[in-house]
Amino acid sequence: MGITVPQINFSIIAPELIISAFALVVLLLGVFFPRTGKNDYLGYVSLVGIVVAFLYTFPIMGKSQYAFNNMIVADGFGVFFKVIFLIIAFLTVLISIGYARRVDIDFGEYYALIMFATLGMMLMAAGTSLITIFLGLETMSIAIYVLAGLMRGDRKSIESALKYFLLGAFATGFLLYGMALIYGSTGTIILEEIAAYIKSKPELLRSPMIIMGIALLTIGFGFKVATVPFHMWTPDVYEGAPTSITAFMATGVKAAGFAGFIRVFFSALGAFQPDWIAIMWLLAVATMTVGNVVAIAQTNIKRMLAYSSIAHAGYILVAFVAGNELGTASILFYLLVYAFMNIGAFTVVILLGKRGEENVLISDYAGIGFKYPLLGASMTIFMLSMAGIPPLGGFMGKFYIFSAAVKAEYYWLAVIGVLNSAISVYYYLRVTVFMYFREPEREITGLTFSPASVVAVIISVWGVLYMGIFPSDILALAQRSITGLL
Amino acid sequence: MAENVVMLFQWLVFLGIALVCIFASIMVISNKNPVHCALWMVLTFLATAGLYVMLHSQFIAIVQVIVYAGAIMMLILFVVMLLDLEVELRSRLKFLYSKAIGGFFAVLLMLGIFYAVITRVLKGNVGSFTPEKVSAMGNVKAVGKVLFTDYLFPFEVASILLVVGIVGAVIMSKRREARKE
Amino acid sequence: MLYGYFAILVYILIALGFAGFVILASHVVGQRKSTATKLSPYECGMPTIGPTLRRLPIRYYIIAMLFLVFDIEIVFIYPWAVIYRSFKGFGFFILGEMLVFVGILIIAYIYVWRKGALEWE
Amino acid sequence: MELVYFLIEVVVKSIVVFACLMLTVAYLTWAERKILGHVQVRYGPNRVGPFGLLQPFADGIKAFFKEDLIPGRADKVCFVIAPMIVIVSAISLFAVIPFGNKLVLLGREIKLVIADVDIGILYIFGLASLGEYGVVLGGWSSGNKYGLTGALRAAAMMISYEVALGLSIIGVLMISQTLRLTDIVLGQGGGFWHWNVFLQPVAFVLYMVCGLAELSRTPFDMPEAESELACGFNIEYSSMKFALFFMGEYAHMVAVCAVSVTLFLGGWQPPIPALSFIPGVVWFLIKLVALIFFCIWERGTFPRLRYDQIMYFGWKFLFPLALINLVVTAIVLAIR
C-alpha cells in the first residue's frame, strides 16, 4: 500500500497557522470570560495575533516554495497580498475597538470572525490550486456574511446581510461550476498543471467547455470584486453593514477577489488572454463609468464610498486588461494605496458618529473642517488621494495603471480612465466643500475619539503620504514579487 | 450477447435516473407549498446519488444521501416549519417582470453549457485511479488514500470552514443576552 | 461490477411494492363513513383551538445546524478510519492529521456548549 | 446465461429475506407484549390460539379491515407517503446485512447477503436518516398540533443521537479496515475473543444506547409519550397506515439489532471454532434473538427520561464519550 506522506513544511503556512490559532483563542476567550461592554481586551489580543502573523510573513519573502503537493505557495505575489491583508485586518480591528461597543457588536466572535475572514483572504492569495482558492473564498465569504448582519437590532443590517448572502452563494455556485468545467477539460486542479496541459494541447484553445468555464469564473470573481453587471449588492450592503465591517469589505474582500482573479487568469489561463481581453475591456469601462456617474448623485457618505469603491475596481480592471508586467505590479501597488485611503475615510466616518447618531449624510459634514481641524484635514487628504491629486498615493496608483495601459496600446482605455477620474474629482471635492465652506445646520457635539481609531487615521494618512512621495520602492517591491507569476 | 444486454440495461437505468432527476428539480421550483418543494429536493438528491453510483463513485453517492438528503434537507424542513407560512401558501404565483428576464438568462446559460458539453467532449488526462483499480481496492479506501496524502491541506482548511459555519449560525440565531445583565 | 446495487434496487422495489399494495388494498377494502367529527383533528375530544403551530422555537434550528456540521465531520472521518491501519510505517502522522481536524471541531463544540446553544429549557 | 442465474438469485434472496422479516416483525409484536406481560407479572396475549400465537394475525386482519381515514386538514399526498417512507427505509436496511457464510446450491456458490456492497455501514446510516423524514412528514401532514410537536421533537432527538451513533462505530472500522459488512464479520472469525465487542466495549454500549434512541424506545420514548403528546406523530393515523408505522418501528428495531450483531458480536461466526458445524445462519439468529430480548426487556424496566434530559444526555455525554473512544482507539492502534 504505497502511501506517500506529503512534504509538510510549516514555515510556508506559518502566517495562516498563527491567524487561525489566535482566532480560535479569541473565540474561546470571548465565551469563557465574557465581560459585556468591556470586550476591548479581545481586540488587543487580535492585534497581537495580527502583528505576530505579520512578522512571520517576511522570512518567506525571498524564495518561492510549494507545500502540501503544491496546494499552496509562498511566492512574492502571495506574500505581498498577505502583507496587504494583515495591514487591512490590523486597521479594521483598531477601528472596531471603539466602534464595536457603540453598536453593541463587541463580543468575542466579532474579532474571531474578522481573523477568520483574513485567513480566507490569505488562502485565496497564496493558493495555487482551484480547491485552495475556493476554500479561501468560502471561508472569507461566510465570515463576512455573518459580520455584515451582526447588528441584529437594525433592520437594514439584517437586510444587507441576507441580500449579500443570497447573491454571494449564487455567485460562488457559478465559480464552482466554472472550476468544475475547467477541471473536466484539463483533468487537473493545480494551476501550473492546467497551464502546462493547455500548452501541450493547443486544440483545447477552441474547446467550448473551457471557454464556458472561463466565462463562469469571470462571473464568480466579478461578483466578489463588484464589477458592473454584478455590483447591485454593493451600495445596500456597504450602507447596512457596521461601518468597520464596510471598511473591511471594501478593501479586504476586493483585494482578495483580485488576488484570486489574477492568480487564476494569469498563471493558469494565460493562453486564453486574447479571448477574455475583450470582455475585461468592456467590464473595465462599464465599471468605471457607472461607479463614478452614480456616485455623483449620492447624499449618504457610505453609499458614495460604495460607488467610489466600484469605480476603483474599474481602474484596477484597466490594469488587468493591460496584462503586462507593469500592469500587474500597478494592481498590487494600487490595492495597497486603495486600502489606506478607504480605511482612513471610513475611520473618519466612524469618528464623526456617536451612540444612536451615526451622521452618515454628507450634509452632516458641514463645518467639520473648523470644528475638528485634524479630522477635517485627514478626510481632505483621503478624498484628494482618491480623486488622484498629484502629491498623494492615489495619483501615483492611477499614474502607474494608466501608463501600463498606454504601454499595452490600450489608448482608448487610458483616456476613458483619465476622464472618469476627472468626474470623480467632483464628488470627492464636494465632501471637502461641505466641510470647509458650508454652515452647519445643527451642532455635532459630544464626540468621543477612541485612541485606537485616531491611531488608525494616523497610520492611514502616513500610508497615503508615504506612497505618494516615495512610490518607487514599493512599486519595485511589487514588480519583484510578481516575477514568478507571469 | 450478455455484454450488450448489460450495456442496454445500464443505459436504461441511467435514462430513468436522469429523467427522475430533471422532473424532480422542475417540480422543486414550480411548487408553491414549501414542504412539497423540500420533498422533491430530497428526490433530486437521491437521483443524483444514483448517478454517482453509475459513475462508480460509491462513497460520494452515499455521502450525498447522508449529508444532503439526510442533514441539509432536515435543516431546510425545520426552517420551513420555523416560519409560519400560512400567508405564503395563499399568495398566488404572480408573474414578475424580473422573473421573465431571469428565466431568459437561465435558458441562455443552459444552452451555452449544453453546447459546451455536447459539441466536443475533451477527455482530460485520466487520473491515476481508474475505475478498475478503485473497485479492486474499494472506493472508500481509494478516497481515503488520496484525501489524506495529496489533499491534506484543503482537508484541514475544511475544519476551519466548518467552525466559521457553526460560529455564524450560533451568533445569528442566539438572542442577544449581552445587554440583560 | 454494479451487481450489488442492482440487488439493492430490486429489494427496495419489493418493499415499495408491498407498502403501496397494502395501503391501496386497505383503502379499497375498508368501509368509508367519514363524518365531520371523524375528520376534525383529534385533540383528546376537545374542540381544536389555535392554528397548527404558530412559531417553532429557534432551538430546533440550532440543533439541526449542529447536526449538519458534525455529520460532515463524521463523513470526513470514515475514509480516515478505513485507511488508518495501512499507514503502518508512520502511524503518528496520520493520527496527527485527524487530531488537528477533530481538535478544531472540538473547540467549536466547546464554544457552542459554553454559548448555551445546547440548552433545552 | 450467467446473467439469468444472477437475476433469479437476487429475486429469490430478496423475497426470502423480505418474507422472513415480515414474519419476524409480526411475531415481535406478540413477543413484546408477552415478555412485557411477564415482566409486569401478568400474562401477555393468550386467548387467540395456543399462548396467543395467532395474535399478530388477528391484529393484522383487524388493521387491514378498519376504516382508512384521512383527516380534513391533512395534506393528502404526504399523509399517505409518510408511513411508506418509514416502512420502506426500515425494510431496505436488510439489503446489506450478511446472514451467513457461503451456501453451495445446485453447483452455484451463493453468498448469504443480498448486496455485498463496498459502503455497507454508510448505506445503513443513509437510510436511517431518510427514515426520519417519514416521522417528520407524518407529524406535519396530519395537520394536528400534537402530531407536529411530537414529530419535531422525535426528529430533533433522532438527529442528536445520530451524531453519536456515527462516531461510535468508527472504532470498529479502524480495526476491520473496511466498510464492507461481510469483511467485518470475516475479520471477527476464530472464536468469541476476536469479536469486536471485547475490542470495543465502549463502542458497543454507545451503539446500543444510540440505537435505542433512534428507535425512540423506552428511555428515549419521547414521541410516543402517551402521557404528554397522546401518541406523538402517528396520532391521526388509523388502520393500515398506523400498522405500517408500527411495523416500520419494529423492522427498524430488528435492523439495529442485526447491525449490532454484525459489527460487534461477530455476525454468523460461531463462538468457538469447534462449533462451526452448525450453519452460520443459526448463530446469527441466536445472537439476534438475544439482543431483541434485551431491547424488549429494557423497555419493561426503564423509566422514561424527560425531554431536556434526553437532549442533555445525547449532546453533552454521548457525543464527547464517542470522541474520546475514537481518539483512544486511534492511539492504541498507533502504538500496537
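Chains: A, B, C and D, in written order; residue numbering restarts at 1 for each.
Operating definition for what follows: a contact is a pair of C-beta atoms (placed from the backbone, for glycine too) under 8 Å apart; a residue touches a chain by one contact, two chains touch by 3 or more.
In this text the structure is predicted, and so the values were computed from the model without any measurement.
Counting C-beta pairs in contact, which comes out ahead: A-B or C-D?
So, comparing the two chain pairs, more contacts are at C-D.
Looking at mean CA positions, which chain is nearest the middle of everything shown?
Of all chains shown, the one whose C-alpha centre lies nearest the global C-alpha mean is B.
Just curious, how far off is chain D from chain C if you go by their C-alpha centres, in Å?
So the centroids are 14 Å from each other.
Measuring from the mean C-alpha position of chain A to the mean C-alpha position of chain B, what distance in angstrom results?
The separation of the two C-alpha centroids amounts to 31 Å.
Just give me the whole-number Å value for how far the CA centre of chain B lies from that of chain D.
28
Hey, how far is the Cα centre of chain A from the one of chain D, in Å?
Spacing between the chain centres: roughly 54 Å.
For chain B, give me the residues that contact two or more of the other chains.
In chain B, residues 58-59, 63, 66, 70-71, 74, 78, 81, 135, 138, 140-141, 145, 152, 158, 160, 163, 165, 167 touch at least two other chains, as defined above.
Going by the contact rule already set, what residues in chain D reach two or more other chains?
117-118, 122-123, 148, 152, 159, 178-179, in rising order.
Find every residue in chain C that makes contact with two or more other chains and list them.
In chain C, residues 5, 53, 56, 60, 64, 66-67, 71, 78, 82-83, 86, 104, 107, 111, 115 touch at least two other chains, as defined above.
Report the complete set of touching chain pairs.
Result of the pairwise touch check is A-B, A-C, B-C, B-D, C-D.
Once bound in the complex, which stretches of chain D touch chain B?
Chain D residues touching chain B: 1-3, 75, 77-78, 81, 117-119, 122-123, 125-126, 129-130, 132-133, 136-137, 140, 148, 152, 155, 159, 178-180.
Residue numbers of chain D touching chain C in their complex, please.
6, 10-11, 13-15, 17-18, 22, 63-69, 71-73, 80, 83-84, 87-88, 91-92, 94-96, 114-118, 122-123, 142-149, 152, 156, 159-160, 162-163, 166-167, 170, 173-175, 177-179, 230, 235-236, 239-241, 244, 307-308, 311-312, 315-316, 319-320, 323, 326-327, 330-331, 333-334
Would you mind writing out the residues of chain A in touch with chain B in their complex?
Against chain B, the touching part of chain A is residues 1, 3-6, 8, 13, 20, 24, 27, 34, 36-37, 67-69, 71-72, 104, 107, 109, 112-113, 116, 119, 123, 129, 131-132, 135-136, 138-139, 142-143, 145-146, 149-150, 152-153, 177, 181, 183-188, 197, 201, 204, 207-212, 215.
If you look only at chain C, which of its residues touch chain B in the complex?
Going by the criterion above, the answer is residues 1-2, 5, 51, 53-56, 58, 60-62, 64-69, 71-73, 75-76, 78-80, 82-83, 86, 94, 97, 100-101, 104-105, 107-108, 111-112, 115-117.
Looking at the complex, which residues from chain C come into contact with chain A?
Interface residues on the chain C side: 83, 86-87, 89-90, 93, 104, 107, 110-111, 114-115.
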